[in-house]
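Pasting a structure here, questions to come.
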Amino acid sequence: MSYFSSIPNIAFEGPGSDNPLAFHHYDASRKLLGKTMAEHLRLAVCYWHTFVWPGSDVFGAGTFERPWQQSGDPMQKAREKADAAFDFFTRLGTPFYTFHDTDVAPEGNSLAEYRNNFAAMVDVLEKKQADTGVKLLWGTANVFSNPRYAAGAATNPQPEVFAYAATQVRHAMEATHRLGGANYVLWGGREGYDTLLNTDLKRERAQLGRFFQMVVEHKHKLGFKGAILIEPKPQEPTKHQYDYDTATVYGFLKEFGLENEVKTNLEANHATLAGHSFQHEVATSIALGLFGSIDANRGDPQNGWDTDQFPNSVEEMTLVTYEILKAGGFTTGGFNFDTKVRRQSHAAEDLFHGHIGAIDTLALGLERAVKMVEKDTLAELKAKRYAGWDADLGTKILSGGFTLASLADEALSRDLHPKHASGHQELLENIVNRYIYG
Amino acid sequence: MSYFSSIPNIAFEGPGSDNPLAFHHYDASRKLLGKTMAEHLRLAVCYWHTFVWPGSDVFGAGTFERPWQQSGDPMQKAREKADAAFDFFTRLGTPFYTFHDTDVAPEGNSLAEYRNNFAAMVDVLEKKQADTGVKLLWGTANVFSNPRYAAGAATNPQPEVFAYAATQVRHAMEATHRLGGANYVLWGGREGYDTLLNTDLKRERAQLGRFFQMVVEHKHKLGFKGAILIEPKPQEPTKHQYDYDTATVYGFLKEFGLENEVKTNLEANHATLAGHSFQHEVATSIALGLFGSIDANRGDPQNGWDTDQFPNSVEEMTLVTYEILKAGGFTTGGFNFDTKVRRQSHAAEDLFHGHIGAIDTLALGLERAVKMVEKDTLAELKAKRYAGWDADLGTKILSGGFTLASLADEALSRDLHPKHASGHQELLENIVNRYIYG
Amino acid sequence: MSYFSSIPNIAFEGPGSDNPLAFHHYDASRKLLGKTMAEHLRLAVCYWHTFVWPGSDVFGAGTFERPWQQSGDPMQKAREKADAAFDFFTRLGTPFYTFHDTDVAPEGNSLAEYRNNFAAMVDVLEKKQADTGVKLLWGTANVFSNPRYAAGAATNPQPEVFAYAATQVRHAMEATHRLGGANYVLWGGREGYDTLLNTDLKRERAQLGRFFQMVVEHKHKLGFKGAILIEPKPQEPTKHQYDYDTATVYGFLKEFGLENEVKTNLEANHATLAGHSFQHEVATSIALGLFGSIDANRGDPQNGWDTDQFPNSVEEMTLVTYEILKAGGFTTGGFNFDTKVRRQSHAAEDLFHGHIGAIDTLALGLERAVKMVEKDTLAELKAKRYAGWDADLGTKILSGGFTLASLADEALSRDLHPKHASGHQELLENIVNRYIYG
Amino acid sequence: MSYFSSIPNIAFEGPGSDNPLAFHHYDASRKLLGKTMAEHLRLAVCYWHTFVWPGSDVFGAGTFERPWQQSGDPMQKAREKADAAFDFFTRLGTPFYTFHDTDVAPEGNSLAEYRNNFAAMVDVLEKKQADTGVKLLWGTANVFSNPRYAAGAATNPQPEVFAYAATQVRHAMEATHRLGGANYVLWGGREGYDTLLNTDLKRERAQLGRFFQMVVEHKHKLGFKGAILIEPKPQEPTKHQYDYDTATVYGFLKEFGLENEVKTNLEANHATLAGHSFQHEVATSIALGLFGSIDANRGDPQNGWDTDQFPNSVEEMTLVTYEILKAGGFTTGGFNFDTKVRRQSHAAEDLFHGHIGAIDTLALGLERAVKMVEKDTLAELKAKRYAGWDADLGTKILSGGFTLASLADEALSRDLHPKHASGHQELLENIVNRYIYG
């Protein structure tokens, strides 16, 4: 019998419903701006937090005690886990999922075992996808949990560890390709340092650059059409992670000639740990041409670690979704719930509450962002604010029509005396709130 | 009579002296690694905090009441300020100073007045430099304090403000050139945003890129041989500043083709506000080929704003100086004291105590860093740690000898099973402490 | 002619209106739970940010250039400022205001001048209150801006400074009493330290304790019926402020026997600077019996200083208002806008936009909090969660019916084996969002 | 054969030695101020990080693979662990150790099993203490790791969990008493909340207060002469922990009448997570009469979680030790190494490097603090700074000789006009550095 058998399929019942196991705002087939909500949001459930993590933290043991987490034959348990996962996806009605290689298959004690276990489980997943219609948003490889990766994967001081990681990534890429994944993600959990005292920054940078190049080359060899995505994070578990934030990733990609080959998978909680708002990271990745996909979660503003909570701020998601819509919406990307229920929330239904609330939050944000785009007051006011840059002086400056000296001469001869203009931030904030609450 | 007339010239008296108005560790002419301490450290006193700032903060009025800060004819007061500044430099015995255009000359009410005031004061400074032998480490322009810059200088929505800033920067560059300055610095205090709601990130990035290009072109036209330096800061006064940190600046320079033209001026307190250690920023700028100069100060680890305190941690400065020595030491750069006495420290001698303590801290850090370089245990252990990357597998990987697939094949066929090696962080930390306290 | 003459009186026009100079949700006379919105919220505009601050920050000069901020006879300017302030209050329609003594009257050059200036301006304010019906929510004394307070007021190392502060506080209390103020506030901006090296914590604590006792004694002597409120803040301008947060203030009050005499004035931005959510500080002050009044603003989650922005998160204010309603609502307190427009927002209408948006945010939060209280699902679920503490074992434990040993014996003899129960955090968060967006 | 058999007993070899497995500054029997270094520092090694933790973190599995961490009979493994621990203590030469009940004995599956396992292991420990001379600095109970404590121990919504925790604490107290422990510690890892939405602050506060009272009563019943210590921590694993910092604990103790019964066990990393310097927490606990013992470690200034690194800043420890010496030194307390080697540092000798470096750091800090106390310039300057409070006006104010009104009258009649005096912070910082580096 299914672990989730007491949970009905989650249906849209509208804002008036009091049923906690229903959507109140997410109506998958409702059309906005010519696309359904499902097409806009491209929702994915992650394997690791939702089916692998046992509810442990640094100070305590797991509280969840799911049946597939009990001891037993690893491959049998992996199959039970896949059963539970696809049962969950189906009841929840989300179209996509995401995984690490070692989430779905036992690591084994050698590369050969790893390969065989993983291959067997990819067969299982393929069949499950066919049976349920659930699709893979992205795959990835876990090259950070095993002790061999304690000092990094691509940036490890031992090239043998680089080779081990390359093997996992190759197989995870190929599995992603075979399963029709829309993207492949690279998160460098241990690609950073614990102390500068034993770290050669330049060398490790070169290692990581070569690794990314090999991944991109392999993508083309495979004929994989999805995007390669780097997921920035500033720190944790390492003291400092090389993919600190979007702007840092951009410089890295430029150095290794990859800025047109790789995009970013942005996570809300990683943005805030890096000292940025989530909207900032999204807007920056769009401005740099790097926008790819989203790990939709939230951090706790008072806690300095990755709490991976379910997003529940419509105010925040409205602004983020507005940025995304303005940039044309997702292409290969989507909103992946890289989220975990709190350690106390060990009941089966808590997994549903977490995802339902998050999905309704995204739906509410989408609705409001659509209104913002349909009558785009912010864009109008922005255009007015920068109008001078579309007029004579501005275009001449930007097109290289002045040297520093000639521009200074011009300023002096015209006796320029520009006055500051109001940025009207409070007015703009009120306008946004009227979209949200009007 | 001089404001500082009660203060003697500060002399080196050695560690045994109890005289607070003497150096205990900084012996300017002492040779280490073939250079004098003075040549290694290239110490500079800044004009703004030390002679311009009145001791005010957001919650209170100025406490300093220096004679040259009283009301009076602005040009007359500017001359008195220059007298006091060079008197201070001379008594302290520091070889360099640094300034913003508007620190040394009144802004005036028009560009013409600005130009004339500044030109007159550059004459004064030139004479003072000749009389005292004090040299200019770098000049810069203040394009952030006047209300016209409230929304930015180069990134202002009004191109007229860009032009105004260009005029100041042109004159500040030319003054720096004429005064024999070793560098020219760009700090974009308002080049960022207060809210994304009224900000066009892409447009402002293009504006800033063009501005930097114009500066570099002008440098070459002038024949200025010094370095152009960007000073990263993550925020304050803006919510977000575009020159967030070194890694961000690197990506920016790459985009605009300036990575070989511009270097960084790194500040300790800006590093920590960006979520990095000071050593991290220095090591990163070296790894990226961007190391230029240092604003030596410290922040308060518990306060989230720029406190600009005098450096007093020998432990921190030893590691920073070790990085710098390993990279070959300063060329055009130096240690500039972008530091201010606390608002309560209004007495004339407090200005000396602050600088003396900082200078002795840098001297102590230098002494210890020299020992670390002379018998470079860290480098030996690092070489051993990464030895595999200089052997067959490592060099073949880095030189492009493998694809992802061929490397995975190799790993499988060799049944690789690398074990994690200890990073020995605690041992390394003990070694550093033995250099410091041994 | 009034500075605000182009601004109409702000009226409630409902959510459908597009008029930025109208309320969309705040309908002062609308009744909820038996009280009008105006009675629930008790809105106040502050004098200092709105009429005194010139739009300066640490890095730049004032941008506002209000007429009453120009140079001129100080008392004449103070009267013009009062005219503008009451004109603003009237147009905005807020029932209360708040001030520091030195906001409304020039400090003068001696205590006698101070007293006379202030007395004259209190006459002016009294007349304005009578003319407009605007009332005083609270008064306070500025004992932190003048250089004499650089090292603190009550905690100053010089008792003469304590005496100076006592004089200001006495006059500010008496003015507050005479003007019918509902509360008197103490914010210890400089009551803390910049460095422990020159600070005697115990001594300064005794000074501050005695000061608060004198204030409470004077309140009773005056017959002032309002509340004495301490405003916690963790730091800024000092490195550490003694009134760090509510829990710290509680311990302080207990030590000096003042826990039944003094309450707290809580500020959102101070809560977050102290590492707490705003809701936490409100809930804690209620749990400790210290809840008094609110400085309604918000900080920037990415900036480490007091930004004092206008509140615009309905999500945050709903939870805060729910706590307040559950505790019985305000008695003497209210929501004071200790908020400032951004430095770029120098236009007269920006002051209105800021306040209007904030007021609508509070009104929306109130509406939703009222729904939460009317059908209080959270309280029901909480009661169920703690039910065991109302049953036998729980009541016996809390009433002292067990020693540690007898309870352990009981646990062993009953072979207790309690299982963890889900905290259902995600469900609860969804319930709150249904109140907000349902 | 011992796991540590390759490690010699660690001896004092002096600053000149290059042996990493020797003390360079800690000379246990060296006398300073009439006490040996060992008597001053009262060093303790902790059981949990050093012998229980397997080198795992949230993102990865254990890297340590100690023999006693392998699978096997739990009691047998517990005995092997005790063998290793006491072997380690002996080789290192530290006089004290610390433990949680479940560090030393298997929890078992019932309270009866718990009690029996623990009792058997206490016998083992007692014998080991007698054999080696190692003593117990403090014991404690782990009432936070088991899933039953997910929602707290004393503050759990189920009173049965309170009873379970009471049983553990009773047995841990009695074991501590029997083993001659100098203190008993309470750290409330889960005594806080994850969300306010399901939390009754007032109720949980009452539960915790009663728990502490029961502990104090039991101490007296036992005749235990050691101190009861609360260990403040602001957060992690919970979002908010009730024992946030020393000032918060003080208010709590006052409410429950325990301020003379309980002291604090302060941890450096907890202080910084709470937004304080370590010195601040120590100085505050001394000022409040709560100073007890120290968990000597350090956090990473850039990471927002408890990293529990070994202390290695002599600069920080000098100031902390100065505060402690001024307060009379430790009585029952000591410096406990609540520290863990980095996850990469899996080698047996890394455990020694970590502790040796920390111990030398404390010894260096002690040496310098002793010099500061012997010629206490800071105290002299402080006395001078506050001299006014020992003169007429100050003593009259503090002794209640003035009302607010009479003091204001006095100030006016004397036309007080106090000037700010310099706090000379930079001079004081230089003086401290001369003690450290002179």
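A, B, C and D are the chain letters, set down in written order, and residue numbers restart from 1 in every chain.
In this text, a residue touches a chain if its C-beta (ideal position, glycine included) is under 8 Å from a C-beta of that chain, and two chains touch if they have at least 3 such contacts.
In this text the structure is predicted, and so the values were computed from the model without any measurement.
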What are the chains that chain A and chain B both touch?
-> C, D
Comparing C-D against B-C, which pair counts more contacting C-beta pairs?
-> C-D
Matching chain pair for A-D (criterion: over half of the contact pairs shared, by residue number), options A-B, B-C or B-D = B-C
What whole-Å value do you get for the distance between chain B and chain C if each is reduced to the mean of its CA atoms?
-> 40
Distance from chain D to chain C - Cα centre to Cα centre, in angstrom = 36
Could you say which residues in chain B touch two or more other chains, in rising order?
-> 63, 147, 149-151, 194-195, 235, 240, 275-277, 302, 342, 344, 346, 420, 423-425, 429
Contact set on chain B toward chain D in their complex = 15-16, 20, 24-25, 63, 272, 275-277, 301-302, 310, 312-315, 341-342, 344-347, 349-350, 353-354, 356-357, 360-361, 364, 420, 422-427, 429-431, 433-434, 436-438
Under the touch definition given earlier, write down the residues of chain C that touch chain D in their complex.
-> 110-112, 115, 147-151, 157-164, 166-167, 169-171, 173, 194-203, 205-207, 210, 214-215, 217-218, 221, 234-235, 240, 244-245, 247-248, 250-252, 254-255, 274-277, 279-280, 283-284, 286-288, 319, 378, 381-382, 385-386, 388-389, 391, 393-394, 397-398, 400, 402-405, 407-408, 410-412, 415-421, 423-425, 428-429, 432
Using the touch definition up top, name the residues of chain D that touch chain A in the complex.
-> 55, 57-63, 144-147, 149-151, 189-190, 194-195, 235-237, 239-240, 273, 300, 302-306, 342-344, 346
